[in-house]
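Below, chain A partners chain B and then partners chain C, in two separate complexes.
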Partner chain A sequence: MHEVIKRFTRTHEFRLLLVIIVMAGLLAVFTPEFASLQNLVDVLSANAFIGIMSAGLLVVIITGGIDLSFAATASIAQYTALTVANHFGIGWTGIFAISISLGVVLGLINGVLMNTLRTSALIVTIATLNVFYGVLLTVTRGADIFSLPDWFNAGFELVFHTDAQGASLAINFQIIALFAAFLVTWLLLNRSNIGRQIYAFGGNPDAAQRVGFNVVRLNLLVYGYMGALAGVASLVQAQLVQSVSPTALVGRELDVVAAVVIGGASLNGGSGTVMGTILGLALIAILQNGLILLGVSSYWSLFNTGLVIIAAVVMMAMETKKRHKLVVQGVTS
Partner chain B sequence: MNRRNLLKLLSISALISSAVGIGYPTVASAAEPKVMVTVVKEAGVPWFNILNQGLEEGGKRFNLKTSMTGPAKADPAQQVKLIEDLIAKKVDVIGLVPLDTKVTAQVVKRARDAGIMVITQEGPNQEGKTWDVELMSAQAYGETQMKALAREMGEQGDYVVLVGTLTTTGHNQWADAAIAYQKANYPKMKMAADRFPGADFIDESERVTQDILKAHPNVTGIMSMGSNGPIGAGNVLKKRNLAGKIALVGTTIPSQAKAHIMAGVIREGFLWSPKEAGLAMTSVARLALDGAKFESGMDVPGLGKATIDSVNNVVMVDRILAINKKTIDDLIKLGL
Partner chain C sequence: MHQPEPGGQITIDGHRVSHLTPVESTRLGVQVIYQDLSLFPNLTVAENISIGLHSGRVKAVDWRKIARVADEAMKRIGVALRPDDKVADISIAQRQLVAICRAMAADARLVIMDEPTSSLTRHEVDALLSLTLELKKRGITIVFVSHRLDEVLEIADRVTVMRDGVKLGTYSAKDMSDRKLATLMTGKEFNYECVAQDRPDTETVIDVRGLSREGDYEDIHFDVRRGEILGITGLLGSGRTELALSLFGMAPPDRGEIRVNGQVAKMRSNRDAIDLGIAYLSEDRLSLGLVLEQSIASNITMSVIEKLVNKAGLIRNDLFDSTVSHGINELTIKAGNPENKVKTLSGGNQQRVVLAKWLAINPKLLILDSPTVGVDISAKDGIYEVVRNLAARGIAVIMISDEIPEVYYHSHRVLVMRSGRLTGEFVPGRCSEDELKEAVNA
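Now for the complex of A and B:
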């Protein structure tokens, strides 16, 4: 146990955790609202969409890939599932089935292209982003869906407190989905044989192939998984905003990439943890929330957000340098 | 007829037709309608589909051959490329709804140098344009919104302003005008914090509104310049049963805001009609093609009296739409 803690204190996650604890501590002291349950519920629901996407993207990034098409995938999944729901009484099971299976299909297209073209994932997924998004805009002509079924708008939630005004505090659809996405991703990466293959493949694809991993299957799996989570996240988002807009999601990709990368995942593949991604997400979310609660002028908050991201990147660069130095020392001694 | 004769015949007919073109240019152009192509911010989105209806109506009315084009994703560099294509095609008039007036400044100048007229909308700062036409001044639009907010707040209390981003020119000009009007006319009202970005997206507006309610519990008024702001803020107010306590006004799209307007969550919304914007662009194009003299008080056909800013080449007509329980159904029928 002692050994485990000692090892943990040397990780990126540990430092990120320290920063977050200090930040949260200061915010709790200076703004009484920060540590309230209401705020916790607000922040979790508001960041559920980005969070679920970042869980999926983490898996892709660990394999050394990247996916920029997931927001377009989510837009298609959302639009299709809820258009069908508006015309047929398909219920929650129906919309989940449609959005997840569409997400998987579009994800598999990325996977197949990666396997057959063997080229940069960045190029492949930028191309599919444009194809998916283009098809969506052509078919929908950019029209929003303003009215959704009542059962969908109502959502589902476990109310645990109702205040004097009749406003309720609840563990809602967004929060449940967010935790489920992180839990499943953690199980996939840490408690399954496939998880080990994903790390090995990302660390050294050639070696992974030589020892006999089915690389084609792995690619299909990670991009399909990303697509499935995009499908889930799309419903989370639509329920939150109570409408569907084909143009609202595309353009948010970098927020998701930022959460994963600040969480310590390397874009070169082979490293990254669910814990780190959660912390990366938390850092951005707490910062956004805390600055408004502190009453910091919006003109300053952009600056502050940028500053913290730079600090995180500097921290990571220093770690990499140190590790590199250790390797060099190891080689020369 | 053998091939040589055919060639000869063809070249002669080509000569004749070009000679006609050179000899009688005025006759040709009087019969042919002038070609006007309008480059919008993003092709395929509902707003500009409705704007195109206005362009088509104006085309028939003012003898213009109109069409619309635009980038698939809102990208100013793509607008530049589209305008370059139109210069090469030698159209008579380019309509432009600019995304970023600085990016399009150079290409607008090239179009003008090539003798092409450039009519902009939502681009009063566009350098090099022939005329810009606006359906309301930033001043009037901001003041109208503030008057509605003050009325709903009983002319007292704390309020906040949401904008798309802190650099969205239109939103921030309207906000400036609204805030200045409050300071001059409603001394008992107070802006609780600097304006907040986020009003371009429903979810961001929800998040910002939730945080504002916690950070500034005395706020009783919210005004949003971006059209997704009232929807997001309205979702929060509705969920927390605060619609009676907090007045919400702002730019809204009628069909999107119907539920909130009818429930009284959004007290009043404001907008201008994209169809009228399209019509106005063609109307001003026709006036300019005919060499009309632009001066304040002149009539812009189809839209009424105009105010002219001859320093910045802006034609302004007053066409602000108020969206409330009474007007919303008719506006939705228009396709808004």
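Now for the complex of A and C:
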């Protein structure tokens, strides 16, 4: 056990955790609202969309790929699912079925293109981002949907605390979905052989093929999985803001990329953990929340996110350099 | 991975097999250890060894089984590696062991090793060869693909020679000598003659006096004359590459002085060294010597591109083209088109491109660090010929290598380095190759 803890203290995740603890501690001292349960629920709900997507993107990035089209995928999924829900009597199961399967189909398009073109994932998904988004805007003419079914707007929640004034704290739809996405992704990556194949493929694609892993299927799986989570995240977002806008989600891809990269995943593939991604997300979320509570203009938020990314990248570069030095010494001594 | 053309047959254990896939071959007990090892740098030693457990249908990972299989595989061949280390963090020789353990974990009965020694030092090679013999004792069949003839003859029972995709024959290793083998492989008779017994009586180009660098080398004295080839040999870690980098201005010495053409040279960077007419061909051709993704022409002109410009600072195409064609002709580089990427060339021709790049600066001193690494045997001879011609033109050459025959047959003098010190000077022709070998491995 001691060895496990010692190993953990040398990881990127451990350092992120320290930064977060220090930051949260300072915020708790300076703003009374920060350390309240209500604020925790609010922060979690507000970041559920980004969080669920980051779980999906983590899997893609571990294979050495990238996906920039998922926000467009999510937009299509939520628009279609809730338009159908407004006209036909389908319930939660129905809208989940529609948005997830649409997400998977659009994700698989990316996967098929990756397998057949064997070109950079960046350019493939920029292309599909435009295609998906273009189709959505053309079909919907950019119109928002403001009236959603009552049962959807009501959502669902597990009340765990009601205070003296009768205000209740609850674990809501957003939080449940967020935790479920991270849990499933963790199980996939660490407890299934497919997850280990994903890491292996990201670490050395040629070797993965030589060992006999079906890399074509792995590509389909990761982009399909990303699409499925985009489908889930889209409903989470729509329920939170109680409306659907075809233009609301596109543009938030980079926040998701940021969370995963701050969490220690390398864009070269092969590395990245669910724990790291959760911490990366937490860092961005707490920073933004804290600055708002401190009364700093929200216009500063982008600037701060940028600084955090730079700091995280510097930290990772230093870790890599240190490790490299150790290897070189190990070889010559 | 590749399907042979129809008509041929592969028989394994008396059964004809037609469509072999990596999974199928593994099931039949065939394992390939690739030249690049095909390991996963981001995964641990244990997971790399047990990677086969991840194949097949969707299932839960059994981490204990992974640890157990890896441990058993390592024990079976007496290897002790820390199972939780990432492969990226261990040495090349240790990675080789991981690859062999992986073959063991897959219950291999036939192990095909593709150039397993190409990136190992002499000591590591010896360890690998004895491990290979150990596998053989346990009844494992081994196909050892290599162009290092001494290794092949040391461990093989039978040797099959291939040239240009055609099998020339299979011979008993007992009746073979490495010279006979070399002739068979290349269809050429080789010149096994030493350069000359005496160093040329010309002016000194570089004079190194009492050079030391903390932790790398100590109290180094030597000089090299115009037209002389000085061999420096020694095991990895003997400080030879660090010494070369100091002569090239990239690792400043702590004490001592370097004189170039009689003048004390204070070099702060390799730019200063290049200005003094010193060129250094790195042992790592693929990542330091060449820009693989760029054309032959851009690689050749890389060292002088700043000088091929007009007054406005723009590149002059006529100078550029003449530099390229001069380099290609001088070194007889077999390139269809100078615009082709360097990575499309063979190892020997790539090395010629690196040489052309350095000859473009008109060097007075050429330092060659392992000039024939990854160059196949017939092309090696060509490189040696080039080096001899350059020396004959009056360039002073320092040739660093851990291949004893390389320095023995192609230098006027050979210095032996060990643990950062010069421990001997030999004149090939006045001593035998074996004497030199003993001095290095002593």
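Note that in this section the second predicted complex is superposed on the first by the 312 of 333 C-alpha atoms of A that agree within 3 Å, B and C clash if a C-alpha of one lies under 4 Å from a C-alpha of the other, contacts with A are read in each partner's own complex, and residues count from 1 in each chain.
Just so it is clear, a residue touches a chain if its C-beta (ideal position, glycine included) is under 8 Å from a C-beta of that chain, and two chains touch if they have at least 3 such contacts.
No experiment lies behind these values; they were computed from the predicted model shown.
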{"item": "Overlay on chain A: chain C relative to chain B, clash or fit", "value": "fit"}
{"item": "Which partner, chain B or chain C, touches more chain A residues", "value": "B"}
{"item": "Partner chain in contact with A:Asp42 - chain B first, chain C second, else both or neither", "value": "first"}
{"item": "Which superposed partner A:Asn86 touches (first chain B, second chain C, both, neither)", "value": "neither"}
{"item": "First (chain B), second (chain C), both or neither touched by A:Gly270", "value": "second"}
{"item": "Touching partner for A:Thr305 - first (chain B), second (chain C), both, neither", "value": "neither"}
{"item": "Touching partner for A:Arg196 - first (chain B), second (chain C), both, neither", "value": "second"}
{"item": "Chain B, chain C and vertex chain A (Cα centres) - angle in steps of 10°", "value": "120"}
{"item": "Which of chain B and chain C A:Thr11 touches, first, second, both or neither", "value": "neither"}
{"item": "Contacts of A:Asn115 with chain B and chain C, given as first, second, both or neither", "value": "neither"}
{"item": "Overlay on chain A, chain C to chain B nearest C-alpha distance, Å", "value": "30"}
{"item": "Residue ranges of chain A touching chain C (in the complex, touch as defined)", "value": "7, 190-197, 199-200, 202-204, 206-213, 270-271, 323, 326-327, 330-333"}
{"item": "Residue ranges of chain B in contact with chain A within the complex", "value": "42, 44-46, 49, 72-73, 166, 193-197, 201-203, 206-208, 210-212, 214-216, 231-232, 235, 239-242, 255-256, 258-259"}
{"item": "Chain A partner contacts - residues on chain C that touch it in the complex", "value": "1, 21-23, 26, 32, 34, 36, 38-43, 47, 51-56, 58-61, 84, 88-92, 236-237"}
{"item": "Chain B partner contacts - residues on chain A that touch it in the complex", "value": "31, 33, 36, 38-39, 42, 46, 49, 133-134, 137-138, 141-144, 146-147, 165-167, 237, 240-243, 245, 247-248, 250, 288-289, 292-295, 297-299, 302"}
